[in-house]
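Please find one structure pasted underneath; my questions will follow.
Letters A, B, C and D mark the chains as written, and numbering starts fresh at 1 in each.
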Amino acid sequence: MAIASADTAIRSSSFSRVLIYLVLLLFALFYLLPFGIMLVNSLKPLEEITGGNMVSLPREWTIAPWLSAWSTAQIGVEPTGLRPYFINSIVMAVPAVALSTIVGALNGYVLTKWQFRGATLIFGLLLFSCFIPFQIVLIPMARILGILDIAGTTTGLILVHFVYGIGFTTLYFRNYYAAFPTELVRAAQIDGAGFFQIFWRIMLPSSGPIIAVSCIWQFTNIWNDFLFGASFASGGSAPMTVALNNLVNSSTGVREYNVHFAGAIMAAAPTLLVYIVAGRYFVRGLMAGSVKG
Amino acid sequence: MGFLDINNVTKSYGAVEVLHKVDIEVQEGEFLVLVGPSGCGKSTLLNMIAGLEGITSGEIAIKDRVINGVHPSKRNIAMVFQSYALYPNMTVGQNITFGLEMHGVPKADRDRAMADVAKLLQIENLLDRKPGQLSGGQRQRVAMGRALVRNPDVFLFDEPLSNLDAKLRVDMRTEIKKLHQKLGTTIVYVTHDQIEAMTLSTRIAVMYDGYVQQLGTPKEIYDNPANLFVASFMGSPSMNVLPARLRNLNGEIHAEITGAEDQPLHLRIENAPESYRAYLDAEVMLGIRPEAITDPEGADRNARNIQSLHNTVSVTEPAGADTFVSTTLSGKDCIARMRADADVHPGQAFDFAVNMDKAVLFDPKTEERIG
Amino acid sequence: MAATDAGQDTGVDFRTRLQNWLPKIVLAPSFAVMVIFVYGFIAFTVYLSFTDSRMLPSYEWVGWQNYDRLFRVREWDIAVKNLAIFASLYIVICTLIGLMLAIFLDQKIRGEGILRPIFLYPMALSFIVTGTAWKWFLDPAIGLENTMHLWGWESFTFNWIKDREMAIYTIVIAAVWQSSGFVMAMFLAGLRGIDNEILKAAQMDGASNWNLYRRIILPQLRPAFLSAFVILSHLAIKSYDLVIALTGGGPGNATALPATFMYSYTFTRNQMGIGASSAVIMLMTIAAIMVPYLYAELREKK
Amino acid sequence: MTILRKLQLSAAAVALSTTGVVAQEVEVLHWWTSGGEAAALNVLREDLAGSGIGWTDMPVAGGGGSDAMTVLRARVTAGDPPTAVQMLGFSIQDWAAEGALANLNDLAAEQNWDDVVPAALQRFSTYDGDWVAAPVNVHSTNWVWANTALMEELGIEQPGTWDEFVAAMQAAQDAGYTALAHGGQAWQDATIFDSMVMGVGGPEFYQAAMVDLDPEALGSAQMVEAFERMAVLRGFVDDNFSGRDWNLASAMVANGDALFQIMGDWAKGEFINAGQTAGEEFQCFRVPGTEGMVTFNSDQFAMFNVTDAAAMEAQTAMASAVMSPEFQVAFNTVKGSVPARTDISPEAFDACGQMGMAQLAEAAASGGLFGSMAHGHANNPSVQNAMYDVITAHFNGEYDAETAAQEMVTAVELAM
């Protein structure tokens, strides 16, 4: 399923091509701007920020804020920097992404290739669940985590992210598998492959692009989540966003903006990396499934 | 009891019955073709044999074993799909041996089986490729290889040639026929293409609207179609069907039709069966194959009853080997198939030679053949 | 499309029967999880909205009182009006920019591989990360306005974030910044999925570029439009951290949205009952958008 | 209430199954997350570590503690409350009313808290006569922070009355400076509003309007006057005030761009951080009209119900450590606030700190010590936020003073 060559070869004059490039570059600038501000200010000493223009380039370049944010900044009572929380976030995000993607893939497989009466209704219900405002689940979720005895643990947090990720991953895989030839499943059945063998041997190996979409989407959401992380993780296992918020949002302390920005960029680094590395699969995956509705 | 028995099988989706009491007995080594227009139920029937769709009532048995409800993989069948359904992530070799692997056949045996099949189908050089790198014809072979390697009781083909271009389709058709002759396997083959049905089969089941309209050898089906549907569906160009009246002229039965200028024309029917008498002076449908209408020189030497028919030629279509000639009979376009060098021109008043041995009559109400 | 539906048969062997149950067994956990964690919680919220819950849930039934209060609170009015402005502008602008960028990027652009991730990356960042940068950029004293003044454009003013009437538009700007690239990706995927032969045919028919897009391409992007609309409206209704990071709901309450209203009443003001009733209204709004869409989509498929 | 009992039952069940692993440990939920205040809290942690008590840190910053309160609700609902939670004013009372807090009476009696903690603080630290929280500090919120150099340049004396205050700001504005550095966030607006109400009506009026929520007082002419003073202050604020963080406003004063800022004593940290000293580069004095009175907020550690003996012991040790004079000094000198105990020597504190301590004791004695509405120490959160809405709307020009006073009445009524 290679991206069809951009052969939408609509001929246009060289003047309009210049215009097109110009518009694209302007927008690129617009998109880069906030990140640029963060980057520039993370490399300045604090006095330069509070004393001067926040948009201008540093007069004196320094990487001290980065070092501080990573390993020495005060996050709560201990000056640990963001480092330990970074690891927490990974421990939380990786299993949650993997679980919700696998279950989403299985659901999509069942919903397209093994339809039974009521399956469409179940899918509709599952899809609507993507749109629930997370604020309302906080209290009842806390109660359930308490009953399950996983309140304040990373396991609990993984469960929460898994639960609210299934809707989206199922949507992605269902739309992708809807376009996957059913004859292949039938052929495999005749060949003697069972339910899971077909999934494992036939469906999954052809699901590369949509796995990428699902993982990107889930990873971004889970990594960036603050509300659940703050509410359902106890102190030591708090994810990166909670630590970043603790660093940035001190109520009555002195604000070290340069450290804040360095920390913010660090917190964003994994998701940025995922977008840059896997981003090209993103359009491809969207093309293969989800956009076709 | 046959090798594959389909006994009074019906299929319903909810309240809608889509297959009605299908009853077919297939002998070992037979090549049965299910043919019919799309939606006639032929693919459903095939899928039911394969176990991909449930059987609402009735029984299907292979080698006297009832296979209703048996998992597809336990029926000892193999299937070739229209889209070939090759697993895109596996090599050709893996595709061919996947079924054996699933059935727990040891690797050495699988490889031997694969080598045999690859040799048979001349795809030895393709074994390490992925399906995406193959041409349509190659994929077709691989799909057949995947079916052959299992050495099943029954092969099922679901329109296997319809995704190929015209030339390749003819080649593959011949190849399938050769394979069948060589291996003597039992095959059930679904197609909507009546030429495939005619050329490949030992028997044909013509299906329409969930019913088997006629089951018989290609020759039976072609020469003695059971009803108007079979008559018009089988054969290309299809059989000319003309409204006619049966007349008793001089003690002999004639079919009366009208010519281009509305003049009555009479075609004598020899050895008419008794049943024709019931239709005397009543309206019937007269069916004549295009090749039964020729120029006098091109008429079948062995035919006993060639009738001459004088009428105006409206269009001629030279098609290389044949020339198709249209003329208006009983208000309808009627096509005659003639030698390439027949001397016919549009507008010409022409003496057509009609081989009435091959003519059939249908009841216009029931559309069943009379006789 | 059922691969097997031997369910209606007689005499099914064990393996087949197991195979027939497996899909349901596989789907069951998701179904259970969804019933509890989504619909159970929604039911709980609906119930809370009829109780006098304040700091913690309480089960004292008070009927429609919370709804009655909700509609008398001025801030809720503001929040709803803001949502109307915000959602309509946000959806329209994101769609337009996304579509434009996608069409432009589809013109065999050199450097597409670099531009695409640049357009897409804001979706990867949360506003906890970019909120401060945006605040600075929009702040007239230190951001864009100040910079323009420094560059000698003295008359330039851009103080929307400080202006009660205009502040909501700065939220729109930041929100568009975040999601328009994602919309672009969806449209780009849609464009790349269009059969080239149709385009060639249309060009041979003599269609101008403008007509080609208007008459041939855009109609074929209908699924992309629909997906974009659904995703954007759901993002608009759920927008929370954006407002908190950028304006904190200010100046005054000028940029409050229903999501911030709900959070504030439920968790900050200890009026969980009213918070729940606002959540119910939000859910109903989402349902009003989503249910017809889902119904149409899924019925069509069937 | 009843559900909370149920919650506790399940909490007990949870506790039974999970505790007994670590002997003594406290889990502390707070929002002192960064910089000096977190370091100050570390003093407490090390203190406890000295007596073999572990510290599980659970910091949640943001929204002046409101995010932490959300998290707390999740934790309590889960049946897994932290040992101690940093809390402000009415939240302590609300949680105590839910029966979620522990009883510290034995410790309080032993250490004589009743006598050393001002009554106005005890109003929040006790519920139904039982001690449920240990106060850490007292922030007074009616301070003016002033740039000394600018005052000298403009020839301004420390203003003693509202009129002098206005005149001083007028002078600064005429000279091209920003007269009043202010950040347009609801809680900052409310902070200066507290002082205006106090300045206009004195203690009785503050009590009637902000604490007792008497509709007559809320709609009175004095309230209108307070709003009119707010409008005057609005005239001295620069155009870019909206949404500005308080510390940037402090920086304006420290940098000599602005003359005054009305802000709580935490602002001192910003000046000190800029290398300035109280009484020299910058001045502190009470908002004119509120001398002798103090509006305060007090950070306290509310102690939650824990079930097993070891945890209770650790909790008691922590409460004791919080109340120890050493910690009170160590923490408050960093934080800019004053100790919650009145029996502590002011030596370690700077000029403003010493002044604050003296005035606190004085106000406590004279009945001039009041909880700050802006900081949740005068009424409960729903009323507080309803007032925020009106004050902010007025400050941003949506209401005139008359309407604002009327809106106060209806908003408070709706929120009750």
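Here is the rule we go by: contacts are C-beta pairs under 8 Å (C-beta built on N, C-alpha and C of every residue); 3 or more make two chains touch, one makes a residue touch a chain.
Heads up on the chains, UniProt names are A = Carbohydrate ABC transporter permease.
Treat the numbers as computed from the prediction; the structure is a model and nothing was measured.
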Joint neighbours of chain C and chain B, given as chain labels: A
Chain located farthest away, centre of chain D as origin (C-alpha): B
CA centroid of chain B to CA centroid of chain D, Å: 91
For chain A paired with chain D, centre-to-centre distance based on mean C-alpha positions, whole Å: 38
Intercentroid distance (Cα basis), chain C paired with chain A, Å: 15
Multi-partner residues of chain D (each touching 2 or more other chains): 63, 70, 73, 77
Residues of chain B whose C-beta touches two or more other chains: 51-52, 71-72, 74
Chain A, residues touching no fewer than two other chains: 138-139, 141, 186, 189, 245, 248
Residues of chain A touching chain D in the complex: 50-51, 73-79, 138-139, 141-143, 145-147, 149, 151-152, 230-232, 234-236, 238, 242, 245-256
Residue ranges of chain B touching chain A (in the complex, touch as defined): 47, 50-52, 71-74, 77-79, 81-83, 85-90, 98-99, 102-103, 146, 150
Residues of chain C that touch chain A when the two form their complex: 1-5, 7, 15, 19, 22-24, 26-27, 29-31, 33-34, 36-42, 44-45, 56-57, 97, 100-101, 104-109, 112-113, 115-126, 128-130, 132-134, 136-137, 142-144, 146-147, 150, 177, 181, 185-186, 188-194, 196, 199, 203, 209, 212, 217, 223-224, 226-227, 234, 237-238, 240-241, 259, 262-263, 266-267, 272, 276, 279, 282-283, 286-287, 290-291, 294-295, 297-298, 301-302
Residue numbers on chain D that touch chain A, as the complex places them: 7, 10-11, 14, 17-18, 27, 30-39, 41-42, 44-45, 55-65, 67, 70-71, 73-75, 77-80, 245, 247-248, 251, 255, 264, 266, 269-270, 273, 335-336
In the complex with chain B, residue positions of chain A that touch it: 181, 183-184, 186-193, 197, 201-202, 205-206
